[in-house]
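Some structures to go through are shown next.
Two complexes come next, and they have one chain in common, chain A, joined by chain B in the first and chain C in the second.
So, the complex of A and B:
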């Protein structure tokens, strides 16, 4: 699968938290992607994994991927020294429907490692800020130490045209922000449910409860979009590994609307 | 003459939609209060015979854990209510420390006074119970979600 692709060069690696690293990869030629898409990254001799692109879509010569070290391949990728060549194929998958959201409020909800796949959409929305009414980012993590992109969050929080609410499940004395779960943030922010569009990535349990909170406030089902980052293998709609109901998530997803997913997302054992 | 607290009660999310005829009754058990940052609004184990309708500021519910220092399990802010122990039989003690992160302005309601009014007027009692049941259920669900540790290590 790699024979016909030129490797990318790891230009820089930045530690975001104890288990998460952002890789800045240089493609052999300028690389175009849409917010929400992912690449398949190959760790030599170990294997290949889907990883969302976490950088600015306007930046085409250094492509960011933010990776949480959870197993063999992600561990190898997180430990790769700068200068190394890495196999990359992509971009794959559907993207965040930023056009659908235009004219109304845009609510972006991230949990844990779910912030990186949403960051390109945040950059894009900020670049075209006048196309949206309110722009709201709700982000939750396990503890303050697990928060990603903290410098950027602080800068975003300082803007008058972006509402940022961050919460952690468990806090300590040094943490002066919210402690509580992400679905509870939905009730705390001001937005117009009738015109709002929501983009969401996080652990599936968090997403299910957050969807409920959004629907209860009156956001229509077809304006709630989720990225389903269940595991996949070929990314080419061949192996069936990532099938969810009628969808092959690598081809039809990862971004799908809740209306499409509602029947499948809460079924057990799929 | 002391200022009536009815407008503050009416304006707080917790009493949204309450029959206005109850407001003077409830206001009779209420007082305005302020807690400066860094102080405790209440301490775990102390008798809990009041609750707070938070109007402004931020309060952390903390529990002391040996060897780990205080852990914050929840923060409360504008529109939130702190404390339902006062209402529950045999539970009239604070379960957590309430540390003030940002100066709190709140309406404090006297538990014994309100219990007396609820006993005299079961309709008011039912109204309050209904509101606290919603609050307690929301808290319970949030706590369950926290316990699931959804961001924890996969696998």
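So, the complex of A and C:
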């Protein structure tokens, strides 16, 4: 269970921003996952960390992970040269309930490194576009230079069947778009709250305000889904680190509904 | 079936277990306490010793009846063997090796009812999920358990209120009750499994128990139950704690708690561990190790940007609500068996039953 799986090969690495890299990994056999699930990636001798899968679930032979370099393990992973073998265990965790969203509007809200875990859901929703009414993507980053997947964002913006709103905390000279925090975007887009479903990933504070804005507009608690983050060391519901109240996030999460989380995420230091 | 054996019979029983290839683990006096250690015969057992426990105190004392199991619980539990404090999960050289136990299976001697319940709790944690732990499974597999019904309760015991004792009710191969009064020093033995029955058959000194011995044993257990030093308040703990996550009592206990983590190390059900990857200096051989962790450390909740639970208040709350409430949501059982170790081994004498009572009294 720990590291006895066959290694994957790093086929390509692509720099997304100053601190973020997407690794295209080739599994030893076709790999099936659901949008929102994650893998444990092992940087040899340094450590193993949970990283969401950021690619298209229809693509089973090259599996993408988009990693922000924040510490020892993520640094080593971001610096891995193509051709290297990497230890991968997974997929783990719950997934975005795309079926729940069918028939109504789907609002996807991402902050910073929260966009990669949502991208597989976007691909999936676009593949079955007729199953949803409006499709809305709201995305925020610190600065324009921190925006991920910019080429793809531009292509998505060009589609008539997808609304994309992007904001940054701090603009620069060339920035013509929104400046401000992600939750403020909720008020700017049109959707039908009664049938809408929302998926979100971002810093906890961003998610708290986004949830509030969605509930105020009338989206029901059990149609708002968040992907939560805690320290995670085994991904097998054994090590105890990913507890959030009664949930073990590697097993019951990372994706949970606001109805399940409400009691807990209103508390500090839980 | 119930049998009776004298001291010689107990020696034969242990010999029969060794003969069957078990590694005997039992109570021994070590470091000023009764601990679990390797034993070879009944002569290694803590004859004539007892313990005196209360919040923040533990003392070994002599007793004059030569009882072998005349103490309550020490700082350790069978967790020391089933889930060792540190272990190697994986090694690159030789490829794919780990600390799986290719040694003989364990026979645990002197396991108390609360400890049987604690083993059942850890079985659920380590074996009951989608990804069973191979290390725990290897150590747990085939383990033989000789339980002992407690002949006395400590001032820190509250197993009755947790429905976890003092009588061993399940999870043992044999359960002994030690009788020292009239009729001589002897043990009433109850079999719990066919394996237990087979071992008794190999113990020539074991005789069918007389109704008098059986009654004497039952009375001892009843007396122990009546002696419980403490009790968990009889309230719905989940409702109580879920409803009081911001209660001022958490600040009160935080002012006393040193966040030393002793309670988590002594607890027979606590299972958190941390994983560390290491390499040799040349970077050729890599290893993945795990060791006990505690929710009282800052690292336990560390994520990029800083720990989630920085205050003592939030860490004590995490520990206690986990034990008594959220554990049920995670594993379908309480995380506390009422053994009292966290009370005895807390340097500040913090008492989980008293903390619950304080919140319950004010709700």
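To be clear about the criterion, the second predicted complex is superposed on the first by the 267 of 270 C-alpha atoms of A that agree within 3 Å, B and C clash if a C-alpha of one lies under 4 Å from a C-alpha of the other, contacts with A are read in each partner's own complex, and residues count from 1 in each chain.
Just so it is clear, a contact is a pair of C-beta atoms (placed from the backbone, for glycine too) under 8 Å apart; a residue touches a chain by one contact, two chains touch by 3 or more.
Computed from a predicted model, the values in this text were never measured in an experiment.
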Touching A:154 in the superposition: chain B (first), chain C (second), both, neither?
neither
Touch test for A:238: chain B only (first), chain C only (second), both, or neither?
second
Once chain A of both complexes is superposed, is A:262 in touch with chain B (first), chain C (second), both, or neither?
neither
A:45 contacts which: chain B (first), chain C (second), both, neither?
second
Mind working out whether A:72 is in touch with chain B, chain C, both or neither, as first, second, both or neither?
neither
Based on the superposed arrangement, let me know which partner A:184 touches: chain B (first), chain C (second), both, or neither?
first
Overlap of chain C and chain B interfaces on chain A (superposed complexes)
70-71
Name, in rising order, each residue of chain C that touches chain A in their complex.
89-90, 96, 98, 125-126, 129-131, 133-134, 242, 245-246, 271-279, 283, 286, 288, 290, 293, 295, 300-304, 308-311, 313-314, 318, 321-322, 325-326, 328-330
Considering the complex alone, what residue numbers of chain A touch chain B?
70-71, 111-112, 140-142, 146, 169-173, 175-181, 183-184, 188, 202-203, 205-206, 209
Chain B residues touching chain A in their complex are 58, 60-61, 69-75, 77, 79, 101-102, 138, 141-142, 145-146, 148-155
Chain C-facing residues of chain A, complex
1-4, 42, 44-48, 70-71, 229-231, 233-234, 236-241, 243, 245-248, 251, 263, 267-270
